[in-house]
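Please read through the structure below; I'll follow up with questions.
Labels for the chains are A, B and C, by order of writing; each one numbers its residues from 1.
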Amino acid sequence: MLTYVLRRLASIIPVAFIAVTACFFILRLAPGGPFDQERALPPAILRNLRAAYDLDQPLVIQYFIYIGRLLRGDLGPSMVVQDFTVSQLLALGLPFSLMLGLFAFVIATVAGIAAGTIAAVNQNKWPDYVLVLVVMIGLIIPNFLMGSILQLVFGVYLRWLPAGGWQNGSMAHLVMPVIVLAWPHAARISRLMRGSMIEVLGSNYVRTAKAKGLGERLVLSRHAIKPALIPVVSYLGPGLSYLLTGSLIVEQIFSLPGIGRYFINAALSRDYGLVLGTVILYMAIILVLNLLVDLAYAWLDPKVRYR
Amino acid sequence: MSNLKETIIMQFATVLKGGLLAGFMAMAMSGSALAVTLNLHNGGDPRTLDPHQVSGNWEDRPVSDYIEGLMTLDAVGSPILGQAASYDVSDDGLVYTFTLRDDITWSDGTPVTARDFVVGAQRMQDPAKAADYAYLMHFIENAEAINSGEITDFDELGVKALDDKTVEITLNAPTPYLLAALAHYTAYPVPAHVIDEVGDQWTAMENIVGNGPYTPVEWVPGSFIRSVKNENYYDAANVQIDEVIYHITEDDNAALNRYRAGEFDILSSFPADQYQLLQDQYPGEAHVAPFLGVYYYVMNQTDPALADVRVREALSISINREVIGPDVLGTGELPAYGWVPPGTSNYEGEAYMPDWASEDYGARVERAQALMEEAGFGPDNPLNLQLRYNTNENHRRIAVAIGAMWEPLGVNIELFNAEVGPHYDALQAGDFQIGRAGWLMDYDDASNMLDLLKSGVSQGDGINWGNNYGRYSNTEYDALLAEAATELDLEARAALMHEAEAIAMDEFGVLPIYFYVSKWVVSPSISGFEDNAVDRHLVRYMSKSE
Amino acid sequence: MAGITRKDETLSRYADQLETLDAPKGRSLTDDALRRLFANKAAMVSVFILGAIVLIAFIGPYFVPWSYSTVDWTAIRKPPDFEKLHYLGTDQNGRDLLARLLQGTQMSLIVAAVATAVSVIIGIVYGAIAGYFGGRVDAIMMRFVDVMYALPYILFVIILVVIFGRSPILLFVGIGAIEWLTMARIVRGQTLSLKEREFIEAAKAGGAKPFTIIMRHIVPNLAGPVVIYATLTIPEIIITESFLSYLGLGIQEPQTSLGTLISEGAQVIEVMPWLLAFPAVMLVLLLLCLSYVGDGLRDALDPKDR
């Protein structure tokens, strides 16, 4: 297994490296630069600024400077939020983003598996229909719309929950963001779970187990759940990417201090260092989590061995 | 006997007073229960809290609450004495001598000295610091030369410490708006004693000190900046609010929702579309007030079609400015026919108003069509123009509206939007035909507006057009402004500037569209917030009732 | 954002099936699936509604009294008004919402279709090469696809769109470039099963170049898989487009798209609800139908998964 993990890591690194390189050069091809602003800067000042950030060097040299720094774990300065370095900004935002993502991920997975199982057991009865409706709402309403509506209803009209922000650190601030983030994710998981559970429940060995006189609950927990989980787990990896895109939106609507907002703002203002830093961080998180998911997959499904 | 009695009573009273005072102190110290917190929605993340590196109003707000210049502003935005106790002006208007207050210290207790102001002014012009707004202080003797690297000895700068408490400022020319300019963040002092130790790191939260009414203590990027009252501030006794949280929320709709949910006390902007809702459901809370700035379109006069004054006139008179503010935006911005916003100081005299402004709109469009035809354009030979704007809902709307107004002239408009940075980059490079721009005046003086249309200056291998994106150029205009710059008599100076404005406007050098309004929402529990033309509101004048 | 049709899961399984089946069955798998789909009532009703939406979006504008960019100065931000012929009301610029809604639907459909086409082309080229040459080439190329699956593409699309402006073409290419991975796997599977067949052996023996063989013998056999792939991919792209619109990275004015209309409508939900309601209904209808078709397709591909 260790060699498998190492091999996986070894194949991730060149891809990540190519992605970072591509990002670096695409960013520089773009019109505009980090020091463009409403008021024209005198050329002398612009020259000073560009020199301070090594932007006066040839592009290839800049690239090697960047990679050299990167290898030493230094993501460089942020040009747009000058009082912080890229590493500082990301270190400040990361715990929050991770917490939000983790909550949403866990809640969505648990809720999705539970709902899918209930629906499968009650196939074509009312719990099944209710589930289909809830799933459809989660999948079809764009999450920015869902966020705005929840904010208006529960934050402004009813005042049950804070309408945004995070300065108090209370869990109430997380309720709406997590719901918006987790709903579509849970919807997809529950659909997967329902399908595979129905399949498993119809399979011979579950029928055999039932015929032996085991109670339904016992059959479910002992025989059906684990094989039914296989497609769900294989979805969790790609699902992470959906969570990421969702978090870009949710952080914006509820003004949360995660790293998603930086990414968009930094791209808009050509803060090269911050964009690259965010991409690298996201990529690292997603690749590592994918690896974990694959390990879980191998554990669940004896047929899959570490390739 | 009576003496003794008196003494006892007096002592008793003293003890009582002291006890009460101590009690109040303890209560005040024990904090949150009594502390008054202002939740202010402030827009984006500041780039920095260094007053010499900032340039936006969302940066000005936290900065101007923690650092104070020689002059500061009162609640209605007029300059008043700040760290200076008094000043003298030389007869020729070139030398100002400021005497600092006796009782001023930085928030760490170190006295504020004249040196702090000198170091601040030198830092502003230091080429290595590359301050964006260094040019705003170029009226100071030798500032420009130091900034461009011609003079390397910073002590040549016209800001000098005569002693610990006296600052002398020498100017290139009499500058009637000097006192207002000194209330701007570009003229703020810096804590020289901290900079000596930590250099540019002085704005890091563990190092930062201020001489203003508040001191920043916490900054969570993307979330908020928190400042607390500075007890060392000379006017601390009159500062009512104990803690200010400058919330960072770029989405105006989300911010409004949080205001309505009771989470914010003040919003520094609101979406124009919600104005009606605010008026209906929260009467009196939305503050829409004119302030010094113009929203305009620049026409690139190196483009052959736009070099033709007839085309420029046709484009200008066919814009129905009366519907932009009230209908398209919905917040009632005033139509702009001239260049200098109404209410600008040092600008006595009648505001520029062209005759065609009062003409019937239909007739204007007909005349514009005739002008276009004269210039060789018409239905069979349409003029194709690209209109660039920076990505923003309001800019988009205005571009769509004006594009529709130009349609009858046979002008085909292609809209093109980009982010702020690349947009202005294209404008500055002259890489556009029509471009959206806006100018919020840096200080309250007409010259700040009129300088925008001065011809470029030769610089090295090319001409530096600065912020005159359209490359409008008229020697007479330039001469009038040069004359005004040295004119001591304010009325004569205003007359010269009015004359210049009329020249540029009669030639349609630029297309002013509307004068900006500030859009705040202020909770009824807040008092001391006054609408003002410079749109700067110091928290020290505000108070909050529960 | 994506994942509405369980596209990845369904298509991966489909690709695996294509690969493991013998060539003749490989074709009939797709044909059988499509035949079963035509027997599915809900899916067919959805196909019918979808057809109607497409028809209205493309022909409707000729019957609407306003064009999507015409400004009616007498009706700025007005609710639906039949007298003035603004059946769905107007926006803040006085433009007719019905005209804009039709244009926006059109644009969303075009973006989805072209982006799908882009991903199909990339997928065909990549998958056919991997499948045709097999061996080490195949192993490396497919390993690359596996790793690419894990990259956060949306970040790259955002960077592209932010940087190179918001032309529809870029949206097509950007989104298309995300979605090609699955298509590559399908094509590879199909190619693997086809390349053992006599007519390809014969062509090889006759000295035909790989490119010619791929173009002449393999691509024509991909019609069925492309239909299946497109059905499941289009809704994903519509949602991705609306997501980008919310971030302000949508279509250039005066054109619009469903996503742009909805994200603008969401800003004025209380003051001008019609600007949100009508586009939202259209989007929901569109996605609902597409998702029914997708469900039908999945059942058709894998009849035992019911």
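By our rule, contacts are C-beta pairs under 8 Å (C-beta built on N, C-alpha and C of every residue); 3 or more make two chains touch, one makes a residue touch a chain.
Remember, it's a predicted structure, so these values are computed and weren't measured experimentally.
Among the inter-chain contacts, the highest number of C-beta pairs connects A-B. Distance from each chain's C-alpha mean to the overall C-alpha mean is smallest for A. One inter-chain figure worth recording: subunit A and subunit C are separated by 23 Å, centre to centre, where each centre is the mean of the chain's CA atoms.
Centre-to-centre separation of subunit A and subunit B, using mean CA positions: 40 Å. Taking each chain's centre as the mean of its C-alpha atoms, subunit B lies 48 Å from subunit C. Under the contact definition stated at the top, the residues of subunit B that touch 2 or more other chains are 253, 418-419. Multi-chain contact residues of subunit C, defined as those touching 2 or more other chains: 162, 267, 270.
Residue positions 30-31, 148, 152, 252, 268 of subunit A each touch two or more of the other chains.
Against subunit A, the residues of subunit B that register as touching in their complex are 44-50, 53, 55, 127-135, 147-149, 203-204, 219-224, 226, 245, 247-251, 253-255, 257-258, 260-263, 418-422, 424-426, 428, 437-438, 459-460, 464-467.
Subunit A makes touch with subunit B in their complex at residues 30-34, 36-46, 48-49, 52, 80-84, 89, 92-93, 148, 151-152, 155-156, 159, 162-167, 252-258, 261-262, 265, 268-270.
Subunit B meets subunit C in the complex at residues 253, 271, 273-274, 276-277, 323, 327-328, 330, 391, 393, 396-397, 399-401, 403-404, 415-419.
Those residues of subunit C that touch subunit B in the shared complex are 69-71, 73, 76-77, 92-95, 162, 165-166, 248, 252-254, 264, 267-268, 270-272. If you check the complex, the residues on subunit A that touch subunit C are 11-12, 15, 19, 22-23, 26-27, 29-31, 136, 139-145, 148-149, 152, 184, 188, 191-192, 195, 198-199, 231, 234-235, 237-239, 241-242, 244-246, 248-249, 252, 263-264, 267-268, 275, 278-279, 282-283, 286-287, 290.
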